[in-house]
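The same subunit A turns up in both complexes below, where it pairs with subunit B and then with subunit C.
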Partner chain A sequence: MSKTSNINRVDGFAKVTGSATYSAEYKTPGITYACLVGSTIAKGTIKSIDTKKAEWAPGVLAVITHLNVDKPAGYEQPKKRENLGQPLQIFKDNTVRYYDQPIALVIADTFERMQYAASLIKAEYLKEEHSTELEKVKDKGKLPGGERAKDYNRGILDGYKNAEVVLEEEYTIPTEVHNPMELANIIAKWDGNKPILYTKSQGVEGTRKSVGNVFGIPAEDVEVHSEYLGGAFGMGLHTWPYEIAALIGSKKIGKPVKLVLHREQMFTNVGFRPYTIQKMGLGATKDGKLTGLTHEALAMTSNYEDFTEATVNMSRFMYDCANVSTKYRIAELDTCTPIWMRGPGEATGSFALESAIDELAHKLDLDPIEFRKRNHAEKDLEQNKPWSSKYLLECYEGGMERIGWKNRKNKPGSVREGEWLVGYGMGTGTFGSFRNPTTVKAKFLANGSLVLQCSVNDMGPGTATMMTAIGAEITGIPTENVIIEMGRSGLPKGPTQGGSATTSSVGSAVHDTCNLLVSKTLGLATENETFKNIPITDLSFANGAISSKKDTKKSVSLVSLLNNNKLEELSVENESKGSEEAKKYSIYSFSVHFVKVLVNPNLGKIRIAHVVSCADIGTVINQKTSAGQMYGGAVGGIGMGLMESLEIDHRFGRAINNNFADYHVPVNADIEKQEVFFVNKKDPISNPMGTKGLGETALVGMAPAIANAVFNATGKRVRDLPITLDKILEPSVAKA
Partner chain B sequence: MAAKRTIRNKAIEEESGSSRRDFIKKSGLLTALALAPPSLVMASENKWDEKIAEYLETVPLSLEVNGVKHTLNIEPRTTLLDLLREQLLLTGTKKGCDHGQCGACTVHVNGTRILSCLSLASMQQNAQVTTIEGLSQGKKLHPMQEAFIKNDGFQCGYCTPGQIMSGIACIKEGHANSREEIREYMSGNICRCGAYHNIVDAITEVKEGGKAL
Partner chain C sequence: MKNFQIIRALSSKSAVSSIAKENSAMFIAGGTNLVDLMKKNVVAPDKLIDINGVDLKKIEFLTGKVSIGALAKNSQVAEDKVIKEKYPLLALALAAGASQQIRHMASVGGNMLQRTRCSYFYNTDMPCNKRVPKSGCGAIGGSNRMHAIFGASDSCIAVHPSDMCIALAALEATVLVEGPKGKREIKFTDFHRLPGNTPEKDNTLLEKEIITSIEIPTNNFTKNIHYLKVRDRSSYAFALVSVAVGLDIQNNTIQDARLAMGGVAHKPWRLTEAEEFLKGKTVSEATFKKAADLAMKGARSYGDNDFKLTLGPNAITEALTIAASK
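For the complex of A and B:
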């Protein structure tokens, strides 16, 4: 274990004292308050909109609708449909595309006056028939653009049908909403023609581009601050209408505008995990060899943007199987566009795949882990490449031991603890390990501290802590003397925080840049009198000082080196990216969630009594923050498995449970015993630290683990999430 | 230390130049004034409109926040949460739902945890309010804050002030005698990052540490 492998979060002090500043909290002189008024139909046009009362209400500075908006220059461009192009062109015309679509922006001098004025706006509509139910447009799926969405086939098409033992089932996940605790929010202002945003974005550079496109200005002219995010889970991966509306409003009134969505609007206006219907076909020999696997998915998108995710993709490589076919289709509904939610695609896909694997194991009367081991993929058959590293079997072993798998019986309903039926289940997860080009500036200051700069931000996993740990490891500067500057434009360009790529991308850049900084420092030291005639290769840098390897008495501190050279700082800025060598390998993280559930057969109540979450994520940079992510991923999976579902009243196309009282998420009482196990073995290929991704795979596989455990407890197989007690109490389970 | 503020933070108001003269023009109640143009001009110049608006729209409020006395004139419909965040600029207390469903806005009023989004500020006459900013003394953290850092009881940090305020109250109420009890009495504070395991660790550690809270 290195010195930095268990450090506390470096932003912990700011977070526990309330001094961490989230977007809407920047103290901004002249701030005004805005909110969005939403449509009350799901499809049609606005016939008339009465804003007079609102305009005349006390303190109101502006009311903006499609009738009086100064349209951003980018609205002239034809909007491209494919894959999350320009966001919804808010206020462009009188078209209503989904329920609660913003139709007016109200700005006032105080929060209370703004809220009141917004309540005075009334609109009349010409309604059109809307479509919000995926089950009713099953035949309208279309093949989306993009390489990864294409149909895939290996071996015989639908080869599973020829197998000795065949399983065909359908699985459904409902719409799930990210709902980070921090509401989507922005402070928008302008410096001449240059917009300045304090906003909830997972990618500073992405937001700059997107806002630049809307207003027809270069991305470089867009200033974005997003240092602290109160969670996002994918919700901050798109630029949303509320951000554009605040910018339009600020430009109109010439003052900074603060806009914080209501919790209700978080369910309707900033994306969600899409409702998805999946069909699985699995075939195996009687002795448990998988011979065919077909995975088809139909997911919803909006009527104005295409959204895709890798729902069926893990089925292509997860198991050793000769005949694999996948199909992915999307169908348009009259809703806001979905957006990747933690473990996107894979979390959805794994529910179908890992449930089906469990079902087939049961049909074969095999232990589900034994069945998986018999079909363990020794290489990536999709890409026909070796794994960079794969310690999935170690995850199985680690989890079986900790959960007490030996107490599991293959026959459902055969273990009891008092009145409770006991069930054990597990689900495997995976997620690609990506590395994106990242620039980091590292500098030593004359006081001996290390500053690391990058525009990447941190929605919670602990990016700054990871950067500090790696910087401190490479340079030997104590962690308390490492200063991180991040989360805003103007800093060296970092990646979007998403796809579990931050440590691999930014960590590697910190690693490489700090090494270059140490070399530069040693180079400067060779000019020092103390090290006359000593080659750079005989110098080392440790504990804040440069020393001769051969004569350690010859030593100069970093502080005096900089002072002697009259330097305030010594810096290196460097872009770091993945190697060509890495392209020869298939680089994935793997996770396995083990769950022990207790089910009350009379009440249908399900308790998650014990969770063991295991992962092969390469090197663990920080045990503490990594464990935190793993705990959190499992909790997210409990929400997905047992609670979360956005219910739509299809008569109106309107969300019914758009609040935390009606849309249930896991609370403290739902989480009993949790454990985390990391294999913690370095990946030799992925990046200099040997890490793979964690944040996404931490959730993938949890929902099926719960479904499988519930089946093991009750004999009741639930194929449509969430697993609520009414589904347990259906007659077939009563005498399990 | 005492601070006197009017309806909004003064520094912000002066900069904003947001005008209450609109109020004169728009308020039906004061239409009479508009019938006398010279009066209107004078009213504008002397900021009478501001004063009238303040008299008509606001109620006086005295309260103590983190040991600092505030004498304010506030709109009656202002919640304690919005008063703290938008007027006193104490943004450590968070808004997560505005409906009392998430716990992010938990503060202590006269030693009891409450949801500040569900409390009108005008109901807190002479109350003693403690927010997350009032727990530490400079760099010296409250034991619960220290325990949250040590046990990694958060990720994004947004629910954290509410969790910490609730955690302290949970112990003081005598509801931290087991992990089960802590989980139950901390269930009004949602953590979407899912740090519950570590939050319970932190509260358990503080409870067992036995320090005065």
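For the complex of A and C:
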């Protein structure tokens, strides 16, 4: 992958010049404007709802509530609440399940009139006691369905308790919200009984299926466009009530409806990383051999749908440890359903695991990397399989050198730079490397260009760029002559973009399909006069031409081959999926984040002086887009570590900091120096290119790295995120 | 947002006479706060009087003072060469506020009139005595990390959010206003008020008055000054606590001192007792710590903001130390 390993983002120009069309930007004749009005209680029923003033307001086309909705056919079908099987059925009845739950849809002919009409809707409620605090339902955790959520035990149950050195601690992460810059948005319309959606989706095929389910029609009848996404981080993995509402509205008025959520609604209606309480029990010998590890988690879900993630799973295989027990429970709260957020499960789990490992290393007076090395897992003990590849030790080495780990002292608070306390910390991340079945169509056009088609989305990691690079690499067609068509239904079926699986899945499919296309082209060439009597094995395809390997003067360009055969195009459509051989291995990506922090103990102020993120992600297809993902993921992890928390006023069950002024994410000035390092060694098993996943590991392990660095600087161990300055300050004055 | 009219005024006199005729009209300058408030239905004026065309943008250096027009942009003042030289504390405080984009839009008068950032004030389905008198205070017993430790009442514990105003309080500025009854001057520290039982009133501006300019007397606070802003991230966040310090140090003795805090009260919080204590003292850590302790007299916290009782004095000591070392 040499020539194409550093190409520029192929959609970069369109994005920075504004010519890229995002969902709500499609020019649609006769467009109307809609918004959702939210409930102002967290639990209960709607006693009455006054929509008259809104209906009479100028320009209003419809006001839809549970009282007048034409219920979609699929509302009647029984659903299972497990595994996100029961999305909120908007306007189904008068039940209020969470604060800001949509209770009315207002559609008008202009944006301004729609906004004004929405402000006129008044509801009265019968309130019921709500529950929004996980700490208060600790005893109500239930075992969710699903194989990976089951209790796990290897060796002695809670074997850590018998160890020479024992650590038991509890770690908490608050609710965090995805909040991509591009708001959740949709243009919904109907062609007879067939819905057409321009929406923010990470999976075109998934959206087709869920919308089909709601309206009781086949997925094939649902047309979905989601060509460009301004970030998503996981919130586009579910079909949300706002999308269904827009479709209901459009059907009712017989016109296309545009609905863009308000920023406030992004905090309440489209999922979040769930508040999670974790208990860790670790045991080791005095010389630093881990002998027992117990990891238990309790996470929130909604009162209508079960959401689960692999929070405790990395504890099963991350370290070489004989006795490992994990438990995962969920408890219902009166909120919207959580949804996977970048590094789902592992980001939460690694905060507990990697903080606890650091704490135990400190107890043992060991360097935390030395402690990890002594417990390095040479194979996956959970699945009892060899790793396909594992270059975690190389990540440790690369990071230690770049961050200046030798300057770290084990004793907290012993390094200073002027007035600042200096701390070094690190945290390990991992994420499974998956490969999902993907169909790609590759075609050569008569003008010599290569077209690659797949319904997969590109939410920002550079999927189109990756496809271009691999297609160009296999065929030798220059990257500027590669055309990507993606992000809409009707194209060959691609996977949902999530779980760091896109390059492995789609990249492999591009790889395999382009190889087939080259073979097909060579096959066609054997019929050409120039290559008479030359077997296909003696032909090669390079630089847009077919040549004889033995006599390179015998050459026919792709353009003339297609023209001679009077073909407008030559194409192959092919489904590609993982091999049986791959099932014999455990395939994971690994990352290590190193952080140097400076802490002013008087003000509690934490400065991120230096970040080095190292990753073993197999082959790096594109240095630029991969580094971009890693920078972004690391910044997300810094937000998780230092700032992000959705504050709920439990008296009302309502989010309080539901805006970007109050819900903080890092700004440039927060991070002084950031570096990325890839081992860049091919995985021999994962897929033809030897890649593993990247997007999730880019975040996993960063938050504990910060917590560990803060401890190293100050001696203060913060076990509840985010690490805000009040948690660092020593109280010097008693409370009044 | 409801429909509203917008008209342009070209002089402060016509602005005042336009607003005098209306019951529900408001002036708009940069609009960096007002537009948000209107979008969230916190305020819903029928008419806006756009005063951007009024000639109040000048910064004039007069004998014994500087006069800054109410419509001078925050960035214009912060980047003015002479302001930076003669009133550096003001320039520092301005640069600490918001973002460059917002500072380009925001006017000096508008900055003074910006409303609190209390979440309960902005979320119209929550109780808030400042937004709806007698509806209760959501922040007391609720989420109050950002809230006041000085001068609050049972009605309201919100804080004034400006950085610029903290420096102006320390520099003893004067506010010049014009209204239906003519012109008057207000001492800067009397301009903003404490909430008491009427938290809906942020300041002592009378109805339909307009700020025309502020004046700052010439001073010796040009070298040993500092504006320390402690916040949850390095930029684009409101102060948890901020401290404006001006020291006039001769031969290691403090001749004169100015000290004000932000993020702690319903108004810029001038620390006169600590100032008096500092005068005549030699520069030392112990002196600064004593001053900080004096400054914290009467402080009281509400739960989430308990940490301000620690952060407050530490920030004062830190700001004094930095100012003295310049």
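The definition used in the following text is that the second predicted complex is superposed on the first by the 727 of 736 C-alpha atoms of A that agree within 3 Å, B and C clash if a C-alpha of one lies under 4 Å from a C-alpha of the other, contacts with A are read in each partner's own complex, and residues count from 1 in each chain.
One rule holds in what follows: contacts are C-beta pairs under 8 Å (C-beta built on N, C-alpha and C of every residue); 3 or more make two chains touch, one makes a residue touch a chain.
Keep in mind the model is a prediction, meaning the values are calculated, not measured.
Peer 1: Once chain A of both complexes is superposed, is A:A661 in touch with subunit B (first), subunit C (second), both, or neither?
Peer 2: Both partners, subunit B and subunit C.
Peer 1: In the superposed arrangement, which partner chain does A:L729 touch: subunit B (first), subunit C (second), both, or neither?
Peer 2: second
Peer 1: When the two structures are overlaid on chain A, which partner does A:G636 contact: first (subunit B), second (subunit C), both, or neither?
Peer 2: The first partner, subunit B, only.
Peer 1: Tell me the contact category for A:K27 with respect to subunit B and subunit C: first, second, both or neither.
Peer 2: A:K27: touches subunit B, not subunit C.
Peer 1: More residues of subunit A in touch with subunit C or with subunit B?
Peer 2: B
Peer 1: If you stack the two complexes on chain A, which partner ends up touching A:A669: first (subunit B), second (subunit C), both, or neither?
Peer 2: both
Peer 1: Let me test your reading of the model: by the given contact rule, A:E112 touches which partner, first (subunit B), second (subunit C), both or neither?
Peer 2: A:E112 contacts both subunit B and subunit C.
Peer 1: Considering only the touch criterion stated at the top, classify A:N533 as touching first (subunit B), second (subunit C), both, or neither.
Peer 2: Once the two structures are laid over each other on A, A:N533 reaches no partner at all.
Peer 1: Do any residues of subunit A touch both subunit B and subunit C, and if so, which are they?
Peer 2: After superposing on chain A, subunit A residues 112, 116, 659, 661, 666-670 contact both subunit B and subunit C.
Peer 1: Would you tell me which residues of subunit C are touching subunit A in their complex?
Peer 2: It comes out as residues 1-3, 41, 117, 119-120, 122-123, 125-126, 138, 141-143, 145, 230, 232-238, 240, 296, 299-301, 306-307, 309-311, 313-315, 317-318.
Peer 1: Under the definition above, what is the set of subunit A residues touching subunit B in their complex?
Peer 2: Contacts found on subunit A: 8-9, 11-22, 25, 27-33, 56-61, 109-112, 116, 179-183, 228-233, 255, 260, 262-263, 459-462, 624-625, 627-629, 631-636, 659-661, 665-672, 674.
Peer 1: Touching subunit C in the complex: which residues of subunit A?
Peer 2: Counting only subunit A, the residues touching subunit C are 40, 112, 115-116, 119, 600, 602-605, 607, 642-643, 647, 649, 651-652, 654, 656-659, 661-662, 664, 666-670, 724-726, 729-736.
Peer 1: In their shared complex, at which residues does subunit B touch subunit A?
Peer 2: On the subunit B side, the touching residues are 7-8, 11-12, 15-18, 20, 22-23, 26-27, 53, 57, 75, 77-78, 82, 85-86, 89-99, 101-102, 104, 131-133, 135-136, 141, 145, 148-150, 152, 154-161, 164, 182-184, 186-200.
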